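For clarity, chains are labelled A, B, C and D in written order, and residue numbers in each chain start from 1.
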């Protein structure tokens, strides 16, 4: 499955682009996370890395579709 | 000793004037308080009645002079 | 900045007075005239103040807060005279380096102001009027 | 009112948005850019935001606060883009009937905003830059 991933903050710097396309083995958020960290090892250095699906924080077990809006959420620091 | 007393809020309404002159037997804040309550019994209905001398809250034992700026402070309700 | 005023409070002036380059947090409290007190419908409020003493008491509160928290700047404006529904009676702002202490200092100062500063308000409601907190 | 803006935050607009006749208290938090972080001298900050999700997450915080406290109105404006020293990054205001709950609700909302809303800031200091909180 090929997914388009929006990236922000420190994660974007580590992945070298605002939006990246990645091919994953598997179908859920956990599978995506594994592929991401394998492809961009620097992501493992983040204090946390959440994944949002369709603008909502997602659990690792959530199933993904190619049409989902997926975003990487490194530790937030607003305010 | 004759004292000029500034009055505010509920105490002023009870005493019928912004500034009253009162003659007290004694020399301290406690003596003043006794004379005030004897002269204006309604003051006893207040939840509290503090006395300020020269713009500072005064203890009952504080000595008074005729030149002091004295004010009755009924329960405050600013803000 | 400490101000007792019979005019509408200038919020921008109060906020401007606490701007501080080392500050990361400004907490502000604004007290406004509510339309209801318990079951009575308030028509307006009348505030009076023993002004020279009020300013000294507010200064004492600020001095105390500065001992207790890393306060960079404080500004207080309290309105007196006749206030209508929705009018602002008090605006208090404090700047500190960090957020938690700004809330603590602001709440301490407004709580203490209401306990110690010689300002009085009379509620005028339908069918009567009453000095707030005067009676047990 | 929820606003993400790349312009200077209009404090009067935020405060105006929470005016409420049944409110007696407005608590406001303003977060500003400090000149120092630990020992580093900050030159400027750069904020970025995943805007549609940020607005939804802020709305969730407001909804939660309304369950927990008698909140009458909330307004939040968060700035993004490049901020200089002294600039305001966030202004959050809440109106409630009474004072205590205005402080509690305001502090809860800004604390939670900093934990859950997808906004990121990068500090640019002399000799480097760093995404705040990104690393352990």
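Keep this in mind: a contact is a pair of C-beta atoms (placed from the backbone, for glycine too) under 8 Å apart; a residue touches a chain by one contact, two chains touch by 3 or more.
Fair warning: this is a prediction, and the values are worked out from it, not measured in the lab.
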{"item": "Shortest walk length in steps over touching chains, chain A through to chain C", "value": "2"}
{"item": "Chain centre separation in whole Å, for chain B relative to chain A (CA means)", "value": "72"}
{"item": "Computed distance of Cα centres, chain C from chain B, in Å", "value": "25"}
{"item": "Geometric centre distance via CA averages, chain D-chain B, whole Å", "value": "48"}
{"item": "Residues within chain D bordering two or more other chains", "value": "31, 99, 110"}
{"item": "Junction residues of chain A - those touching two or more other chains", "value": "79"}
{"item": "Chains grouped in pairs wherever the two touch, ordered by label", "value": "A-D, B-C, C-D"}
{"item": "Chain D-facing residues of chain A, complex", "value": "6, 8-10, 13, 45-47, 52, 55-57, 71, 73-79"}
{"item": "Chain C residues touching chain D - in the complex, by the definition given at the top", "value": "11-12, 15, 19, 21-36, 85-86, 95, 97, 99-100, 102-103, 106-107, 110-111"}
{"item": "Residue ranges of chain C in contact with chain B within the complex", "value": "31, 47-50, 52-54, 56, 78, 89-90, 110, 113-122, 131-136"}
